[in-house]
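After this come two complexes, each holding chain A, first together with chain B and then together with chain C.
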Partner chain A sequence: MPETSAGTLTAPTKPEKQRPGGTLYRGREGMWSWVLHRITGVAIFFFLLVHILDTALVRVSPEAYNAVIGTYQTPIMGLGEVALVGAIVFHAFNGLRIILVDFWAWATRHQKVLFYIVVGLWVVTMIAFVPRHLINVFSH
Partner chain B sequence: MSTATLEAKQTDATTQSFTVTFLIRRFDPDIDTEPRWQDFDVEMYATDRVLDALHKIKWEQDGSLTFRRSCAHGICGSDAMRINGRNRLACKTLIKDLDISKPIYVEAIKGLPLEKDLIVDMEPFFASFRDVQPFLIANSKAEPGKERVQSVAERERFDDTTKCILCAACTSSCPVFWTDGQYFGPAAIVNAHRFIFDSRDDAASVRLDILNDKEGVWRCRTTFNCTEACPRGIEVTKAIAEVKQAIMRGKP
Partner chain C sequence: MTTIESPRAPARLAPRRGVNLEKWGWIYMRASGVVLIVLIFGHLFMNLMVGEGVKAIDFGFVGGKWADPFWQWWDVLMLWLALIHGANGMRTLVNDYTNPGTIQKVLKGALFASAAVLIILGTLVVFTFEPCPAGAPADLLPSFCAA
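Up next, the complex of A and B:
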């Protein structure tokens, strides 16, 4: 058998960056807004699941309910609430953007602008919320 | 004097060649179990295209490199591939538009079965295309010796989607299609759009019915990867949105 010929592939010289899985698709604003929308959506779903379960506890025993809610009054949960509000605010604004993109031809053409408006609105909302909230969390 | 230097510089820039590194994701089903990256150094000019680099590699360095191309001028739609992580036609991607200080990554389009190197099995893609009945279905007969008359505005209505060359750059850029191969995909919907909004066609309701499916237009999550990938500049996501609205109205 010949050592090498045009038809046979020899042991490849390994490139420095080995990425056998293929490169990550380099989508733009539309793709990343969708990724964020999905992640925040799933996160909000799990929050709601826990939220419904702990609220339902009050029917089982008000003492148990108070005990569970009491464990939430920590700074770590306070920071978690920042993340939760951040996720909900993004999901809400981006949801409106998706509705516009689906129903309004202008918005379909200018979805990138709308994405940056969503990010802008998110930043403004969070600036209004986060300092006030953190003061509440850390002053108790 | 300054003009002369400027001109000299410009000619330098176009005639000067430089070495470009290509990292190509290769797969030979007879040898490999997994695709692997292989690098090639190619002498290129700024005005060359990625397709020229592939030709140089195949003709001068490694004849086993496998890829599709036919017209080499952006009409046939054979050489759609992922260049630096984005779906592009190799024949329409100029070296000067890429950052050559880093290697250029070239790999097959995503979401269709990989056959060899840069070649994928296009059959699932064409199956979806056939499913939307991409041909004129007209009940009316044109007058003998005449064509069916259509106004400029009526023709303009679907002009954008007539440009499709079925290269699969859009369908294989769609995150929904990657995970759900049953989804019709942007290209099939674009070609349905072309007939749904054609005033001479009478089977719009049939096509809208086909696309009003779990795996039809409602799978679209408006990521706009397809619009961004289309080498013909078709506003693909907009076309899909128009089909969605036509289904909700029940008519084009």
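Up next, the complex of A and C:
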């Protein structure tokens, strides 16, 4: 709008910053733990399908199994295993958080704190796993 | 004239007959989840942390593990619990993101079929596994095959 038209009319102010409704859940810890639980769950499920098939190759021949499992030992797959273990560890600890929230009133009230405990335990577990795994993948 | 119930009146549940499968599914996800944490963390530790980790895995490694019924049952229990847990979790997503109809039935059928086939396949593999197949090069086999 041209500035000259201001006059006595109340100038159109900028619309208030849009805030999503229901901020108790949306965009908060509860939502993100749910999102991550879904994404990691789906990823683990599809890995499981592949992993059963590749392990079944032990029934075909030693050569067939070794050829496929050898691809799990390449640097790129080694990084993929970091992602896989990261997904599993998050899904595991957040699953325990879900159980606590379901069965224990204190945990229901403190589900946000529990989310940060899950993240903290995830970090600790990954610190224990990742360096050792990457040394195995990249040095032997 | 219809009477309006008090706002705080408890909802009347339709009388149910038989088992509530959704309730048992809910319980299964939690019970199997706790057991799977033990089984999968143990699996990851044995296969990725001990010794040279992923680099040590080959036919001989698997043969050595499954020579022990303890690890056979560990892996079979993990197989059953994890696939049912995973397929049931995927069923939740199908319920959330598709409408009832043919596509939903096909997706759930595919989940059920893949879980059933892989459970049967995996169980057969673990219990019919031959660690010392005749004619295979000895350096690919577990060390006890030479004896």
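Everything below uses one rule, namely that the second predicted complex is superposed on the first by the 114 of 140 C-alpha atoms of A that agree within 3 Å, B and C clash if a C-alpha of one lies under 4 Å from a C-alpha of the other, contacts with A are read in each partner's own complex, and residues count from 1 in each chain.
Just so it is clear, contacts are C-beta pairs under 8 Å (C-beta built on N, C-alpha and C of every residue); 3 or more make two chains touch, one makes a residue touch a chain.
Bear in mind that the values here come from a model prediction, so they are computed numbers and not experimental data.
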Problem set entry | Touching partner for A:28 - first (chain B), second (chain C), both, neither | first
For this session: Please work out whether A:102 is in contact with chain B alone, chain C alone, both, or neither, and reply first, second, both or neither.
Result: both
For this session: State whether A:110 touches chain B only (first), chain C only (second), both chains, or neither.
Result: neither
For this session: Touching chain B in one complex and chain C in the other: list those residues of chain A.
Result: 98, 102
For this session: Under the touch definition given earlier, write down the residues of chain A that touch chain C in their complex.
Result: 38, 41-42, 44-45, 48-49, 52-53, 55-56, 58-59, 61-63, 65-66, 69-70, 72-73, 78, 81, 85, 88, 92, 95-96, 98-99, 102, 129, 132-133, 136-137, 140
Problem set entry | chain A-facing residues of chain B, complex | 23, 25-26, 28, 31-32, 34-39, 62-64, 82, 84-86, 103, 105, 107, 110, 173, 175, 221-225, 227-228, 235, 237-238, 241-242, 244-245
Exercise. What residues on chain A touch chain B, complex-wise?
Worked result: 6-9, 12-13, 15, 17-20, 22-31, 33-34, 98, 101-103, 105, 108-109, 111
Seminar exercise, completed: Given the complex, residues on chain C that touch chain A span 30, 33-34, 36-37, 40-41, 44, 48-49, 52-55, 57-60, 62-63, 79, 82-83, 86-87, 89-90, 93, 114, 118, 121-122, 124-125, 128-130, 133, 136-137, 140-141
